[in-house]
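Chain nomenclature is as follows: A, B, C and D, assigned in order of appearance, with residue numbering initiated at 1 for each chain independently.
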Amino acid sequence: MGENGAGKSTLIKCLSGSVQHDGGTVEVDALCLPKGNIAAAEAAGIVALHQESTAFPHLGAIDNIFIGRELRRAPGLLDRPRMRREAQLLMERLGERIDVDRPLEDLSLAQRQMVGIARALSRRSRLLILDEPTASLSARETQTLFRILRQLQAEGVALLYISHRLEEVYALADRVTVLRDGRLVGTHAIADLGRDALVRMMVGRELLDQEESERGTADGEIMLEVRGLSRQGEFADITFSVRAGEIVGLAGLVGAGRTEVAAAIFGIERAEEGTVHVQGKPLSQGAVRASIASGVALVPEDRQHEGLILPLSVADNLLLSVINSLTRFGFRSRRKERASVEKSMRALSVKAAGPGVAVNTLSGGNQQKVSLGKWLATEPRILLLDEPTRGVDVGAKAEVYRLIRSLASEGMATLLISSDLPEVLALSDRILVMREGRLAGELSRSEATEEKILAFALPDGGDSRMETGRSAIPHDGNAAI
Amino acid sequence: MNDSATEATSSAGGTPNRAVSTVLHRLASQREYAVLALLIGTLGVVGAFNPSFLSGGNLRDMLVQDAPIVIAACGLTFVVLLGEIDISIGSSMGLLATALGLLCSPSHSALPVWIAVALTLLLGTSIGFLNGLMVTFGRMPSIIVTLGMLTVLSGVNLLLMNGKWITDLPQGLRYLGVGTLLHVPICLWAAAAAVICAVLLARETPLGRRIYAAGSNPDAARMAGLSVWKLKLFAFTLTGFLTAVATIVSVPRLSVIESGVGQGFELLVVTCVVVGGASISGGRGSVIGSALAALLLGLVRPMLIFLRLGVSATYWERAIEGAFILLAVLADHLARRTRKEPHR
Amino acid sequence: TRPPTGSASGSNSGGSVQISSGAGRRVKICLLPKKKGLAYFSSCNDGAEQAAKELGDVDLIYDGPSDGAPEKAASLIETWTLKGVDAIAVSPNDPGVLAPAMKAARAKGVNVLTWDADGQPDSRAFFVNQATSQQIGAALVDTMAKDLGGAQPSGKVAIVTATLTAANQNEWIAAMKEELKKYPQIELVTIKPCNEDQSVAFQVTQDLMKTYPDLRGVFGISSVSFPGAAEAVKQAGKTGQVLVTGLSTPNNMKPYVMDGTVKSVVLWNTQDLGYLTIYAAEAIATGKLKAGATTFTAGRLGAKKVQGDNILLGDILIFTKDNIGKYDF
Amino acid sequence: MTTPIIDAEAVTVTKSRSGWAHRLTLPTRQECVLLGLLIGTLLLAGRLSPDFLTSRSQLELSTHVWELALLAIPMTLIILTAGIDLSVGSTMALCAVVFGIAVHAGLPPLVAALLSLLVGGGAGALNGIFVAKLRVHPLIVTLATLAAYRGIAEGISLGRPFSGFSDSFTFLGQGSILGFPVPGIVFLIVLAVAAVMIGGTPLGLSLSAIGFNETAARYSGLAVARIKLLLYTSSGLAAGMAALLFVARRNTAKADIGTGMELDVITAVVLGGTSIFGGRGRLFGTVLGVLLIHEVREFVSWQWNRDELNLVVVGTLLILSVLADSLLSPKKR
């Protein structure tokens, strides 16, 4: 276990040979594995399911499962029938009925994840490594997976399981190892370790500011009003409003459609039905520029692909969304640009060698600050934040929280999308919960608890939660808070 | 790229309704079918106007003409599947033709035909291998490498030929171009063999599936333990080899090897591969699609003659060819838009 | 292998005589083909090199666009003009495109002459005339008519040309259409380009024969389209039934002439053409040949007639089964 | 922010080097390689053939390159956005033929020229619509229009040439002002406009952003589709201008002009260091690339009189310079 960016995934990559480690050795049966050699690791029986999608979107489940160690009938020829049979068997064992020929890009996130798990299970492994396998799974799917894992455990397979969900760890693990900032904090038998102790190991200090802000209930002007927003297959009939100075949390499981709603409000994708009003004026659909002009900003979820342009400099990134307004007679004004960049960097205390360095040399937290700064530079009155602290370290997280609060107190209408329930609870004045593309419920600040949010968010209404050991903290929930 | 719809039907195992929708889904999702429909439609229309267009003889002649394109496209498909491109095949073909001619013409090296053929295959394979080396070890974009090679090889070809065409091709060599086996021209055997091998390679071998995988998601492929560079090297080398095969079975059909052999061939083959449904960014594409596109684009020129449109229509030939490509792409785009898929 | 048209093949003494006027100064002559790499032009260059060697005082440059782009030929003329060569002999692939460059060269004192194909009259001093477009067009049609036989030759014919924009071929086609008026029974059904690709010429001819089953003749009017068309006829087994004629060096077409697919090949002696061009260029550059001259002695070719600004090579040759064996170029 | 942690270092760096501005002035590695090759070529030329290097020769020879140079400008910008335009040569032919037909139909040259530019812009815009609005890969779109535009040029002209344009028009291609060729002046004006647009307006940054990461560019509110449409249209316009220059210089308009031009242009742009994957590239590099190709070509023609050699040399140059850049670059792909 460990916080975001603690180095868990990187360690796994070293073990499985897909990243070369600088020092130390990996030994299997007292034999040292060569560095950065995937084949050797596989031969030694190490099988890993990596966190980021290692799927081949154009290929079907059969190929995804067997690529790299295909079943052959004659030399050089695939044994397709046997591969299909085994693939189907595996998927059935995982409780998924899918067309194993269908390209993965046509499957749902959870189904894709199941294919990945099937791939890991298909290998004859002695050490099976799973890196956050349940992040996008429903309770039922998680349950099935756990049954299989216990079975493997009984067969003598060693399991290395990475998760942010304390419940899963307690349900499955014998021992727990905690990493922090790329270092080993310690390994303990699970039985000896209470939850609080475990969390302390991960965070490295007592829980950070839980300060409830002293802001009064927001009763400002309605800044953002969304009515009946729908797009087929993604979300339906989304209606809510956000007032000036209010922080509205939007919670839900991965794949609930929150990102799509935010993107539709901002105009990245056009909604099929419904309207968005900003301060009572209708916002034209599918027009990002119009949204920016009316004071809406979206800090997207995926900063590497949507938020930032990694090879460009910090300055260029900070300018990107405002560059058209920092002009004089249509020409760029270096003076205005410099002022804007300096303001953003100072306001967010971005740590970089200078504004001219490429963003991809920055740490994740600083990248996220640049992403935030880029949007704050447009001087928005409505801020849509999609997972603003994903992959951000504790210190930076606290800064981001403070920033969000201070913006709100200055009158910013904020929609906060987060899978980090404590975060939602700590920041929001009001919490909306989405389930399968629909608004499933609304909770006021005073009545909201993690249990209540989850009851709205889980597909099966949270009933199966206790038996599967699904934690009160869903995907990415930072257990520390 | 996927297995046939029948297999899907059986494997879906669900209600017939679901199977039908799976088949329809595939139909809409694959460029092959747009190309095939256009191909059949064109054959039908022109055939209705002039039935001799559909005569066995004409169909065979058209296939013979398309054979070298199909053969080269079989190789290029794999290169494009890996997200790379090879535009050197035109000049490569020219140089290989000259080499083949010089090696076996009695007034030059006068080697036995089979040795000349073997050496030509070796040369073609080496050119492909060199392209692959520069792309993988040189870490250069393939479009630049092969653009450079396109120019270099055509220069080398001209210097080698030195303005003297090769007119005295030995009978043994001509047989490769004009001869038949069981009443079927040799080049059709070669094209059929190339297509069958390429389809088998793509669908039934680990190598082929790995090429799809590496093109679909190179990082994931590396994590799965595949050597992406080896796959690329293989695809370029295969393309070089198949270009040599295409040269060997098509050039001896004519009595003279001249300096312009292969000119513009590269664009033709690239066009066929992309019209056949391959995605420029890799991962998507099929040998059958490329081959069908070659047949489709091969219809344009004969079509205009068989329609007896007269002299002025001749001048619109290229415009119609361009329109055909746009049509195939548009048809696919429309089918794709209904499914909200990203562009290729 | 001496070409029979080459009269006075031994008289290469002219070279040494002429050197005296140059007083040791070398004459730089550029020979520009339409497209470098064509066997036709290479064999012209063989003759040109022979002439240069005989003349002794000539530095011969043979270069041209290897893709046949007229634009690049014009660029070469400009480069040569800058280098200060004495004479440029141009075979214009496109007289219109080349004219400004040729005129500019003349304005800067370079002697410009055309050979193989004529340019715009004011863009050159002389034209080494082996045949005009009219003559070529007429010769092609007349040969076809003769081969078709009969008092009133009849039947459908088609033309397979180089590209639709090839200036020379288009001039020939115009002349052919003119000449075809003499034979009302011969019907020109279509004109198809082969894009300078032999296999396209082959395919087009195949398709023409299928579309017009009563097709009697095909003109292959570029050195690439001719063998392609002949091969198509031969492979279709229509030798003798569909006649192919066109312009080509005899070596390329020998097999087809011998087996009867092609009855006649129209051309001239290419080596003599190159040879005469260099002699003429040297004479113009050294002032021996001036406007108004009526004859001009060109080495082994002897005295050649000059008509106005045209230096005449001689008649167009028709190669047939009977005489083609005597030529090797 | 209540307690901002001011990063002193960051701020000082901003002031001393003015951040992004310094990026624009230093030559890149690839540009240094090109400069080296260019100087090498010129030194060699100076030794072997001093006449080649005289200003008269250079000015005269420069007339061969202006159309290529002109087309390279929009091509750089297109490749910068990770696009490509293979149809420029064909668009040139189409514009030339339209101009020829219009003049022969009795329109005044000025009107005909405008018409021809309009057609060029339209042809480019059609590419742009396919690329930007329908989001078809530009390689496929322009591969199709590469055939289609030349086909239309052949169709409407029936392969005939049009010539005999007035002197006032041919001045555009053949004339010179103060000893400098008019086409060169046209190129320099276009280059200046493009350079100001790229360096001085938000467009430059937008192009890089689109090339590196189109999604993020869209999230940033950049008008991606409109910019692409603009680029492809301007590429068509440039092809129209190049066509007019060509027609004026050679006094002939025909459907076969500009054949193979697209590959020459792309070669020059890529040689100039513009990344074929988009994002990276500068007009300065493109100018160097064009210059190097031009000088090498002209010198090889001048010195060795072998057109075939030119092909070998230019192709090798392209491969070697990109290889050198790739080997010198520290990062792994």
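In the analysis below, a contact is a pair of C-beta atoms (placed from the backbone, for glycine too) under 8 Å apart; a residue touches a chain by one contact, two chains touch by 3 or more.
Computed from a predicted structure; not experimentally measured.
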Sort out for me whether A-D or A-B is joined by the greater number of C-beta contact pairs. A-D
What is the distance, in whole Å, between the centres of subunit A and subunit D, each centre taken as the mean of its C-alpha atoms? 43
How many angstrom lie between the centres of subunit A and subunit C, each centre taken as the mean Cα position? 74
Let me have the rounded angstrom distance from the C-alpha centre of subunit C over to the C-alpha centre of subunit D, please. 38
Could you say which residues in subunit C touch two or more other chains, in rising order? 36-37, 66, 164
By the touch definition above, subunit B meets two or more other chains at residues 154-155, 158, 315, 317
Which residue numbers or ranges of subunit A touch two or more of the other chains? none
Which chain pairs touch, all of them: A-B, A-D, B-C, B-D, C-D
Provide the residue numbers of subunit D that touch subunit A in the complex, in ascending order. 1-2, 4-7, 9-11, 13-14, 17-23, 196, 200-202, 205-206, 208-209, 212-213, 215-223, 279-280
Complex contact set, residues of subunit A against subunit B: 13, 16-18, 38-39, 42, 50, 53-60, 63, 66-68, 70, 72, 76-78, 80, 84, 88, 97, 99-103, 106
Enumerate the contact residues on subunit B facing subunit D in the complex. 134, 138-141, 143-145, 147-156, 158-159, 267, 270-271, 274-275, 279-281, 312, 315-323, 325-326, 329-330, 333, 342-344
Can you check the complex and tell me which residues of subunit D touch subunit B? 130, 134-137, 139-141, 143-152, 154-155, 157-159, 263, 266-267, 270, 275-277, 306-316, 318-319, 322-323, 326-327, 332-333
Parts of subunit B lying in touch with subunit C, wherever the complex brings them together: 50, 52, 55, 57-58, 61, 65, 154-155, 158, 161-165, 167, 178, 250, 253-256, 258-261, 263-264, 301-302, 305-306, 308, 310-311, 314-315, 317
